[in-house]
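Chain IDs A, B, C, D, E, F, G and H follow the sequence of writing; residue 1 opens each chain.
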Amino acid sequence: MEEKFAHPELRTPENLVYKRTDFLVDRPLSYCPGCGHGVVHRMLMEVVEDKGIGSITIGISPVGCSVLAYDFLNVDMLGAAHGRAPALATAIKRLWPNRYVFTYQGDGDLAAIGTAETIHACNRGENFTIIFINNGIYGMTGGQMAPTTLPGMRTSTCPYGRDVGIMGHPMKITELIAQLPGTYYVTRQAVHTPAAVRKTKKALRKAIDCQDLGKGIGFVEVVSNCNSGWKMTPVQANQWMEEHMFPKYPLGDIKVDGELVK
Amino acid sequence: MEEKFAHPELRTPENLVYKRTDFLVDRPLSYCPGCGHGVVHRMLMEVVEDKGIGSITIGISPVGCSVLAYDFLNVDMLGAAHGRAPALATAIKRLWPNRYVFTYQGDGDLAAIGTAETIHACNRGENFTIIFINNGIYGMTGGQMAPTTLPGMRTSTCPYGRDVGIMGHPMKITELIAQLPGTYYVTRQAVHTPAAVRKTKKALRKAIDCQDLGKGIGFVEVVSNCNSGWKMTPVQANQWMEEHMFPKYPLGDIKVDGELVK
Amino acid sequence: MAKIKGDIVVNIERCKGCEVCIASCPFSTISMSEEVNSKGYHFAIKVNDDCTGCSNCALVCPDGVITVYRAKVTV
Amino acid sequence: MAKIKGDIVVNIERCKGCEVCIASCPFSTISMSEEVNSKGYHFAIKVNDDCTGCSNCALVCPDGVITVYRAKVTV
Amino acid sequence: MGELRLMKGNEAIAEAAIRVGCDGYFGYPITPQSEVMEYLMAEKPYETTGMVVLQAESEVAAINMLYGGAGTGKMVMTSSSSPGISLMQEGISYLAGTQLPALIVNIVRGGPGLGTIQPSQADYFQAVKGGGHGDYYTIVYAPASVQEMADFVKLGFDAAFHYRTPVLILSDGAIGQMMEKVYLPDPIPRRTEEEVISQCPWASTGKPPTREHHIMTSLDLDPAGQERLNLLLQEKYRVIEEKEVLYEKIDCDDAEYVFVAFGLSARICQKAVHLAREQGIKVGLFRPITLFPFPKKPLQELGKKVKGMLVVEMNAGQMIEDVILSVGFQIPIKHYGRFGGIIPTPDEVFRMLKEKIIGG
Amino acid sequence: MGELRLMKGNEAIAEAAIRVGCDGYFGYPITPQSEVMEYLMAEKPYETTGMVVLQAESEVAAINMLYGGAGTGKMVMTSSSSPGISLMQEGISYLAGTQLPALIVNIVRGGPGLGTIQPSQADYFQAVKGGGHGDYYTIVYAPASVQEMADFVKLGFDAAFHYRTPVLILSDGAIGQMMEKVYLPDPIPRRTEEEVISQCPWASTGKPPTREHHIMTSLDLDPAGQERLNLLLQEKYRVIEEKEVLYEKIDCDDAEYVFVAFGLSARICQKAVHLAREQGIKVGLFRPITLFPFPKKPLQELGKKVKGMLVVEMNAGQMIEDVILSVGFQIPIKHYGRFGGIIPTPDEVFRMLKEKIIGG
Amino acid sequence: MTEEIIIAGFGGQGVLSMGKILAYSGVMQDQEVSWMPSYGPEMRGGTANVTVIVSDERISSPILNKFDTAIILNQQSLDKFENAVKPGGLLIYDPNGITRQPERKDINIYSIAAADEAAKMGLSKVFNMMVLGGFLKLKPIVKMENIRKGLEKSLPARHHKLIPENEKALTIGQDLIQPVHVL
Amino acid sequence: MTEEIIIAGFGGQGVLSMGKILAYSGVMQDQEVSWMPSYGPEMRGGTANVTVIVSDERISSPILNKFDTAIILNQQSLDKFENAVKPGGLLIYDPNGITRQPERKDINIYSIAAADEAAKMGLSKVFNMMVLGGFLKLKPIVKMENIRKGLEKSLPARHHKLIPENEKALTIGQDLIQPVHVL
């Protein structure tokens, strides 16, 4: 292929400013084109790389589209049963206090079936990091309603739109766990623009740094698209996300250094 | 027995001002002497009587000391599995929308194993009443730590006092569920003094009246003693409760007519 | 002169002697018996004639064993 | 005169043609190819020479397929 | 009159539920059965028959919603797949202990653990021996076609209410996902409240002044009382074993060898029977339709007439124990299984019959 | 050197766990086994050996804490009683599927449902046939004394790590609550991190640059891969059946009739053996100690020598299936069971032996 | 009569719905049918296939390893199913997406350039119906009138206006199909 | 030697700990023992009982329906266990709390007024040790020195100061026990 605007002469190690971290396994991600999971994976691994903690990090993937996260994140991993990642992480961090431990969970996993495990790990003030991908839907199983599905939003189990009178309200679990004394840093971010990605990386760093302090859970929600589930193109999906998800799930820090800031 | 100050002449139907409601089954309660469960049972049944809904009320007892509530409350009852009462109530109220449905649950039941069922029933805005007895301990199983056990408080699974660093913080689940849009009336009461009992009765009435409005859960927490588990006399226990439980679990309405008031 | 006069009836066999009623009475009308019932509990008894039938004791009684009467009587 | 010059390398076989990178480029450097890769996806290509190596595209790329270089070059 | 449709097994279950007058469905998504709830949500029976359809927060919640609904005499069901059904075991034990009617559908996938989403029959033991605690059984129907997926909904509810017991439909991902012709009977209207109350005089429906209050529970702290309840349950299971056995025999009359298989495996074996007969080998198929009650006696009879049996299951050997317990050790009874989501082919099971049973 | 103590079965388990160098206990209170956690909390091993003891928010959380701990090579355990164990079935299936070592103690109470808190053996099927989904087994030890409650903790952990499999101790409320003399061996120090890493080279302990990252999972979306995993599991179970069978024979050498019983029932039958021998009747007792692997061969051998067997269980007839599958139908094999928390007496089982087996 | 067919291709090629229409048509003429898809997340962007059986008798196994006919729409599927055609059976493929020709000599092989033709005619949406048309030309196991009925049944009412287009595609397909190797 | 004992009374009477001390004493002299309590919430304010077996041999069933000795502290327990004493066995009861006398004629019956005596002497806490003392006078199955050791083992260290009081109670009990009906 002819590369018209290519500048091979620039492609030297000194000039390298950005490349996919080696803490991602060198294989194609299993996610749909444009899905936010990939960006969060990469930022998380960049933080692990920056902190130099790759050999003392243990990650937990959920049941959801990111069930295969363990195939991509080049650290030791465990795959939890649906919803139970915080239980695994609780035990692991207590048994290996000098390891960095994180869970990576979807909204069905963390806020539906795993509600009790999430709330109690946060309430106990466990010393690990929770990364929570809120895409408002169950991606992996083919687009069913999630606790975070917006009112009126169509999914395969609310094909006429979520009717809050029957199906309940979208749940802001992040605001909820921020109320608990056991959380130390709670934030909501996104990864659809370069600026958002940079902020998410900072947030992830801060959340993992919490483990150095031992003062409780660091919790990073990432509002993300599930373009497959939403039945949009990735670009449309990101726009829809800005217009519809962000008003309900506003970005920004919610709790910093153990204090509510919002 | 000689009744020195008895006035049998006063004991006529016209003069009757207070008697145990017939909506309590005529048998001894199984609770320890001085336990608050009995008072709450009675107030609840008085409300049922006052509202005239005895024949269209379905109650759900939990697993906990009040597992036998179904033996005492003279309405149709079901005994739930530990923690799952809100799931039962959800189905029952939806299947029998013209019935009044309540759950009656302890702190282990509602705030530990049943966390997910509690939160999601509240989040869906189900149209039933939750009565939550917070005695800071697992009474039935012999006094183990509950999610609501106070810091430093001794139980059989924290014999040296609850160490929040290891065992987590006492959980204020009532404040938590008050955050959810699906709750309509949320309050915290007690039953250790006549005034408190009267307020609790009003609160129960209000919570059950919510079912006439169909705007979501009515939730009444009653802070109560478990003198057996606390290893005190009932009178001591009530005093200890005022001094130690109330500061952490302050009495009063938290959400009224769908609006947070505290 | 008309006066409010009250009386309570304690279901002795059902009383568990928890003593919660005692403090609730504004007139210190209740105390515990010397004897025990068949379950081995001391039970609530009236120890003065000042009861007004306010029902406080009955309200706080966990076992709902107190019935209360009240009447205007002429003294 | 010294100028910042950038270049990107797209791992064509890994690109899924999601087009998320396009909008992130301040200089409209990226567009989609006419051809498809072996998975059947159109892939990202450079369509002008204005890249400054800002890395925006690489940051937002879900599949991490973009490598970025930058240098001061004399024009 | 009814209606003929081409449907997936999962859809047939959902449609049959609506038509049988089911009062409530409570479930949680999981492949390969999410179409059950999706179909219901799309059909909106809550606007037509008044049937409640609710996506629960988990399988644990779903089974306990069933418990609540069943305890009030309503016709309630759930569906899930293997890991979700494991989470329901406490609830199923409660339903059995409290003697409540309910229908639970397991569209089995490969296990253990998260496993695969491909079809499997490895939950036989869980379904038949009782995956929950205590001495109980659920009636278990094993459909082998989309038509049976639909039919067994009615069969299941009838048995559930007749015996006051939870009933399981044990199917698998392939039958759930495949489409076949299915004849759907005319809808039966949902029972009115009055009908529920009169047909379920034991239920907690609200206590009129004319009767004692009803209590739905499985607790009896007094062991003597608990033993009485257990004896009652055992007696019920005995009656069920006597009266509810269902099975199918294909080409068994002159058979020298038989396959024993249920559900999807039975259909594969049926094809293998054809293959064998084409080669002049007298092979038959015995298909248990109820797994509990297991068709002990008919199988025992058959055991006296044939020279050997090959039990074919999409698992490592589970139903074979019940086959041996029925037939004994007089003739060779062997197992052939594939697992983890792999479906054996007719060729393959025929070859295995020759290798393991016929010899040579 | 060790130490002699008088302890409850539940306490013995807890103390044995500390002494065997257990890394973590995760549990939720339930009668009749809450003493396990209570003892640990009172002993504070987290201050001595560094063992973690945590009261989980539920049994579901507890078993998944086990999964996490086990996946990192740590020696972890939980205990519960019947309803709680039912809630753990998904997690147990995951442990088996991921091949993780862990110890699970079930102090069985009467079921089904909430049942009673009195002792029972009605969770045999759940324990032995797999209460969770998929083709898996757990090794199951059935202690009959407080000494064995302590001893089987070590046995259990050893087997769990050797085979990378969850191990169950199936006991009951009576053995959990009763006190007996127990000899406790000297404590073994907990393994250091380095030891854990070198002894569990498969575990997810943190990836050094020198090796590939480790993944603990039971998922394989590819059915062929999933089948391979299953074949591996089945091969493991075959080895376990070959090597790990434990049983006890009492007075069987000259016996004409035998009781077959496990756990508490076996002790009751042992007394009944005495009663029988006093009357000159040659009775013996066969006690399976491992329920999986079931002592098939020794029981089959015994079946050739005796005239009949009475299987005594505190349930409605569960182990009897494995007894028949081992022995066959040549001699009468009958069941005697009590349920719902009732414990049969030695007199009673002896009478039943006479009635049901000896005749007359 | 029993016809056992595998239809295989990419996820987006309408493989499943082609099978569905065929099956529904069978139902319309009172035959037994089964339609057994591959399923699961591996379908996402990957391959999809469906086994369709149309028969006068009760259908035993819905899962087969040998077929009377294989309809193949991409290379992966050709690799997987060429050898699964019964000797004397039929293999139909669309050369678009095929890089290696089928090699069997003991079966009938036809090609149908439906993808290209459909693109040309702006009928890409009903490309699968062209292929079906080609197949039915060779094996008229269902009558055209029943296909119409099948379409009516399997398409939601709001899509019934597309039926003429579908029928057109069927006809085109019948003309398009070409023998490659005939026994 | 095998001695099978049931001790039964109200929850608060120290029934379980009496059994425990006896069992521990057995351990101290190298015998086999088992201690099997009734348990559960029914204990709350209700009755409690414990089966203690002390033996030279391995103990088979820890659960019995016939006993060598029954030590009975309330009426309910007398009603329940009088007939469970083996012919020729021993029944000891405290008349406080008993409303109906035992009626068996084929067993040895003793009474011990320990409750009253203990109340009189301000030793109510060790009332159960008096009863134990009485039993051991009749059946010295464990040596006094081993009882002491048993006490040391079964009481937490902070309660060791109470051992002399316990020993005193044992001695008093030995004097207190009275034959009612001896074979």
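Rule of thumb we're sticking to: a contact is a pair of C-beta atoms (placed from the backbone, for glycine too) under 8 Å apart; a residue touches a chain by one contact, two chains touch by 3 or more.
This structure is a prediction, so every number in the text was calculated from the model and none was measured.
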Checklist entry - So which chains are sitting against chain A and chain C at once? => result B
Item to check | Higher-contact pair (C-beta pairs counted), E-G versus B-C | outcome: B-C
Checklist entry - If you average the CA atoms of chain F and of chain H, how many Å lie between those two points? => result 34
Checklist outcome for this item: When centres are defined as mean Cα positions, the distance from chain G to chain H in whole Å is 86
Item to check | Chain centre separation in whole Å, for chain G relative to chain D (CA means) | outcome: 41
Checklist outcome for this item: Between the Cα centroids of chain A and chain B the separation in whole angstrom comes to 38
Checklist outcome for this item: Residues in chain H with touches to at least two other chains are numbered 40-41, 45
Next on the checklist: Two or more other chains touching the same residue: where does that happen in chain F?
Outcome noted: 31, 54, 57-58, 60, 83, 90, 94, 98, 113-114, 116-118, 217-219, 221
Checklist entry - So in the complex, which bits of chain E are touching chain B? => result 23-24, 26, 52, 54, 56-58, 60-62, 64-69, 71-72, 74, 76, 90-91, 94, 98, 193, 204-209, 213-219
Item to check | Touching residues on chain B, where the partner in the complex is chain A | outcome: 112-116, 119-120, 123-125, 147, 164-165, 167-169, 171, 175-176, 179-182
Next on the checklist: Per the contact definition, I'd like the list of chain H residues that touch chain F in the complex.
Outcome noted: 20, 23-24, 27, 32-37, 39-41, 59-66, 153-154
Checklist entry - What residues of chain B sit close enough to touch chain F in their complex? => result 63, 67, 79, 81-83, 108, 112-113, 115, 138, 140-142, 144-145, 147, 156-160, 166-167
Item to check | Residues of chain E that touch chain F when the two form their complex | outcome: 60, 82-83, 85-87, 89-90, 93-98, 108, 110-118, 120, 122-123, 125-126, 129-136, 217-231, 233-234, 315-316, 318, 321, 324-325, 328-329, 338-342
